[in-house]
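Here's the structure, in structure tokens; my notes come after.
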Amino acid sequence: MEQPLVGIIMGSDSDLEVMSEAAQTLERLGVPFEVSIVSAHRTPVQAEEYAAQAEDRGLRVIIAAAGGAAHLAGVAAAWTTLPVLGVPIRTSTMGGLDSLLSMVQMPSGVPVGVVSINGAKNAAILAAQIVALRDARVAQGLKEMKRRQADEVNAKAARLAEIGIKGYLEGMKKQ
Amino acid sequence: MEQPLVGIIMGSDSDLEVMSEAAQTLERLGVPFEVSIVSAHRTPVQAEEYAAQAEDRGLRVIIAAAGGAAHLAGVAAAWTTLPVLGVPIRTSTMGGLDSLLSMVQMPSGVPVGVVSINGAKNAAILAAQIVALRDARVAQGLKEMKRRQADEVNAKAARLAEIGIKGYLEGMKKQ
Amino acid sequence: MEQPLVGIIMGSDSDLEVMSEAAQTLERLGVPFEVSIVSAHRTPVQAEEYAAQAEDRGLRVIIAAAGGAAHLAGVAAAWTTLPVLGVPIRTSTMGGLDSLLSMVQMPSGVPVGVVSINGAKNAAILAAQIVALRDARVAQGLKEMKRRQADEVNAKAARLAEIGIKGYLEGMKKQ
Amino acid sequence: MEQPLVGIIMGSDSDLEVMSEAAQTLERLGVPFEVSIVSAHRTPVQAEEYAAQAEDRGLRVIIAAAGGAAHLAGVAAAWTTLPVLGVPIRTSTMGGLDSLLSMVQMPSGVPVGVVSINGAKNAAILAAQIVALRDARVAQGLKEMKRRQADEVNAKAARLAEIGIKGYLEGMKKQ
Amino acid sequence: MEQPLVGIIMGSDSDLEVMSEAAQTLERLGVPFEVSIVSAHRTPVQAEEYAAQAEDRGLRVIIAAAGGAAHLAGVAAAWTTLPVLGVPIRTSTMGGLDSLLSMVQMPSGVPVGVVSINGAKNAAILAAQIVALRDARVAQGLKEMKRRQADEVNAKAARLAEIGIKGYLEGMKKQ
Amino acid sequence: MEQPLVGIIMGSDSDLEVMSEAAQTLERLGVPFEVSIVSAHRTPVQAEEYAAQAEDRGLRVIIAAAGGAAHLAGVAAAWTTLPVLGVPIRTSTMGGLDSLLSMVQMPSGVPVGVVSINGAKNAAILAAQIVALRDARVAQGLKEMKRRQADEVNAKAARLAEIGIKGYLEGMKKQ
Amino acid sequence: MEQPLVGIIMGSDSDLEVMSEAAQTLERLGVPFEVSIVSAHRTPVQAEEYAAQAEDRGLRVIIAAAGGAAHLAGVAAAWTTLPVLGVPIRTSTMGGLDSLLSMVQMPSGVPVGVVSINGAKNAAILAAQIVALRDARVAQGLKEMKRRQADEVNAKAARLAEIGIKGYLEGMKKQ
Amino acid sequence: MEQPLVGIIMGSDSDLEVMSEAAQTLERLGVPFEVSIVSAHRTPVQAEEYAAQAEDRGLRVIIAAAGGAAHLAGVAAAWTTLPVLGVPIRTSTMGGLDSLLSMVQMPSGVPVGVVSINGAKNAAILAAQIVALRDARVAQGLKEMKRRQADEVNAKAARLAEIGIKGYLEGMKKQ
């Protein structure tokens, strides 16, 4: 097995479905990664150890996902000087605004780079962009993904131009 | 020196002015306490140790104050089974809503009892109410404080009835 | 029947399903409790009496749950010097932000210790942590619960490491 | 002294400056009123008695002002079937959103009619509108006040048309 | 048909289901009322006329319900000196916070008394409380309703005490 | 085909269902339009070109719809001096408050005229109102649409007056 | 005097300082305009008449500014089919979020195009962009203004490149 | 001059004071950087070119600061596959919540890593953490900075322990 470069951690297995998109994206980009469940509040020992040992274990980026009083990314950032990215998880009561503010409003000196609520895929791309600074193959993959994204939008635009709104909406419902 | 029963910690010395009111309140109620500065993000070792050793050191309640991504109370709660009370500190950007949500929306299993934004005095009273369950003198002090609070409001009401709104407002401005 | 130490009150029986988790948690921790429905607005006599007599009836902590203009915890705190914990109940219009602010922004002198929106279980644990200061058996139960919580997260992490994301997610769907 | 018809209560004398505008407005409209300080949390006995006896004492409307966890209007509404109007007081941390939500989100069955944050004058006018249903002189006063308000705006519009923006702004600065 | 004393208006027939509760409540209290649909934005002539003629037509209170940029209550208040009560209607995008702020933040001089989001029943009770100042029968009805509300809560509390949480929850599910 | 005067663009085909209402409204008003999918973030070349060439291509108004960090309208406004209208799309996490603020809080010098969340129809009417300044037929159509809207509300009011609340609500459920 | 094409109205003369920027901008762009004070709530007759007669009086766009329960733009839109632009005015309690939501969340069928809080200049530019569709000179002026804006930013960038951050900040303080 | 590795851009020179802290931090850490002013809305050509050429010009990270409808970071991310970090700038109307949401809620596929409101220093540290993955000297500097931060907090804690709250607060006021 290849040395993981990105460590994805989440506070609860209820975050796993959202975060699986981060895993898929890293896979597609050829960035070796690992996934684990550690909780800032329920397994503080593991959270601390994970972050404190991450650099020595060869990780280059940590992606931490959590919801509510989402402390996991901040706790990780307290224990490492690796870049830590945060994914605020949507909550049923506040839509994730609580998670977002808990992650993003870090005190001076201890940064977390936060992506959108449930933005697992974007955290993965951002992590890959960091890895790509030393890995031309990943850099190439990111450029292709960007192109593909544009192509997809343009293809949709072309299709809409061709078949019109009504036809397009019907096509969407069939999927 | 008496054994401190309440430990007040805060993430930054910029919180000290607000939290000094907690200290004064505990003093007035005769509850021995200690104050320190430990940061969940800048001194995670100390934050962890503080909470982990609090019970053995004889503390009965921890009051944690922090602002922004206010993780200190949550981190403390992760490392102890003592009751942890949180004081969300007002922030210049969000008025303290960020601090409040970061403190109060804790995951199931790891509680923090949160008081109002900048509510240092109330955290101290709540801590004293907990201490008072085993200390009749503190319980008595709380009852007297409650009575005094009522007396003060009633005295103000009486004064307002006597001198009217205009006189009362003028009296306030002179202070 | 054992003397109840924790009194759980709620403003409406629509809060009962959420609050039943508090009851279960106290049961599991061996903390005797009682549950009732009293409304700060619809049965103010009962709300006042409940809080005013709580100490003499042997209660040590009151847990008050309410939603919207959630005044029950504040009203209870007005009539007792026992520690009062508040559980803001989720609302369909505001997700519970209204309940949270109504509970937590108490004026100086009359504290309520507020847990997360719908955080019934955490209120129960916090109440048990307070009771535990005088009851070694409850203290022991809390420590075990904390350990069990960590074990559960670690077991999930181990399982995820073993069977991978895809397998884990499939396992979750089967439940 | 005339029988007061409107009772203005507030939770703290810090609300008095704002609420003095309510008093002035009622005075101008010839509606007899009284003002007092009673706190839902610090003097719950007085708050309850005030509301419970208001009707027998001849009051027709209660105006309750409070900030933060603003329970005073709700507590008053719990103890009377007189109309209760609420004035949410601006708070330094949340601008008064906390006061507003605490007042307005009352449970079904116990209404409070809430005006704007710091809207003391509007609460007084609304109280006068209620009193006016039985008092033609007050009704007349309200109609004249409404006309005067329109005249004032129209006079400003005329002045702006006459002297232009620059002149008007200079005139405002001189005041 | 009896002379209506309360006029219920709403901006759209999509508000009718919520507002039918206001109608039922007034009916139960024996307060004659009328219901109509007028829109501040789509039928401004009718909105203006409704409010301007309300007093002469014998109405004593106007209840206006609207959602989003909820201007109906404010427009009504602009054209009458009768008391105007506002019911902010829940919106799918903002939960009704937009409706609430649009209604409650009225400028000085033109009050609206606002109840909770979707609080149709409370608006009706408040209107009845206003009507009751001149109608002893309605006043009596309000007192009975208040007593009944208390009795209902107390009956639920008694039932909960008798059959316990589990039994109570099962009973609720059967309904 | 007639020269399109209004260009509707959206950041994703997931916005198409909402925006189809804009298309229908323009169709009904006889305003020639075109629809396309261009993303400020995924196809920045196309977004830029679309806006930069819009005037030369004969467009008079651009309607841009986007959700979340909704930059499309702002990007369009950066590249043209045609009027740009924005439709903030509802988001699952924040109800569209994020989209609204991202669109409306434009810096001085580069305006976007924003309508309500998901307000596709209103954007179309506003665009038609702009077109109508040079096209008497569209102006006429707008006046008729306004009249029809009033007629519809009045018809509903008449029906409600005739059959009462209960009958009306039953009629609505049948639809 | 030239026929005004843009009518600027505001609910209160306290909005005039902010709105004077709209006037200056229209002046600079050579768009004839008029300014007045009309209140949706205090002078509803004037507000209605203003909007109803605007088209016949030769206006092409209405800019309406208001704060709090900001109904003026919506009331104007109810009485005209001219494009109505709204400027939500900053409020001391809510920063203008109340004004923004009151303006932007208009019901289907009656649009207001809203710019940023206190965005008077942007409303003027947007109005000019609408006027420019029939006036090549204004169109030209808008293009020059856009170029000048770019030049100014580029000049600042050049100056920053030349003298560095420290020098630049010192230069700013001297102004 | 050394090849800059981090490019700091901001939408307006009013952001410079806040962002100068990012510059100082990078300087202290020995990370070569450049600073410029480019606006997504006022100089879209420059914004696009800056991002599109950043990689070829040798930059490894872009830090983009903007306020209000803060599109600069998102526009940059649209034109590069380098990691883009966003600093939401505090606004006078919304405290920066608008800036934060405009930056962080990016659509899937185009990430921005957002730090706290006005969090210029944290953006710089995060950028340095990314640079440090290939530069041992920067990595070393980050570790020392982290240690120094801890030392500072601990020194404050020691001082507080020594001289007490009163002395400490007096010392702060003297500064």
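First chain written, first letter: the chains are A, B, C, D, E, F, G and H, and each begins at residue 1.
The definition used in the following text is that a residue touches a chain if its C-beta (ideal position, glycine included) is under 8 Å from a C-beta of that chain, and two chains touch if they have at least 3 such contacts.
Nothing here was measured: the structure is a model prediction, and the numbers come from that model.
Visitor: Which neighbours do chain A and chain G have in common?
Guide: Intersection of chain A and chain G contact lists gives F, H.
Visitor: Could you please state the distance in Å, as a whole number, between where the Cα atoms of chain E are centred and where those of chain F are centred?
Guide: That gives a centre separation of 33 Å.
Visitor: Between chain A and chain E, what distance separates the C-alpha centroids? Give it in angstrom.
Guide: 47
Visitor: Can you compute the centre-to-centre distance for chain A and chain B, using the mean CA position of each chain? Integer Å is fine.
Guide: 37
Visitor: How many Å are there between the centre of chain D and the centre of chain F, using C-alpha atoms for each centre?
Guide: 40
Visitor: Chain G: which residues touch two or more other chains?
Guide: Only 12, 39, 42, 68-69, 93-95, 97, 104-107, 109-110, 112, 116-117, 149 qualify.
Visitor: Return all touching chain pairs.
Guide: Inter-chain contacts occur between A-B, A-C, A-F, A-H, B-C, B-D, B-H, C-D, C-E, D-E, D-G, E-F, E-G, F-G, F-H, G-H.
Visitor: In their complex, what parts of chain E are in touch with chain C?
Guide: Where chain E meets chain C, its residues are 90, 95-97, 116-118, 149-150, 152-154, 156-157, 160-161, 165-166, 168-169, 172.
Visitor: What does chain H use to touch chain G in their complex?
Guide: These residues of chain H touch chain G: 12-13, 16-17, 20, 23, 35-39, 42-43, 45-46, 68-69, 92-95.
Visitor: Under the stated contact criterion, what part of chain G meets chain E in this complex?
Guide: 11-12, 39-42, 44, 48, 67-71, 74-75, 77-79, 91, 93-94, 97-99, 101-107, 109-110, 112
Visitor: Across the complex, what residues on chain F touch chain G?
Guide: Within the complex, chain F contacts chain G at residues 60, 81-83, 85, 100, 104-117, 119, 121-123, 125-126, 129-130, 132-134, 139, 142-143, 145-146, 149.
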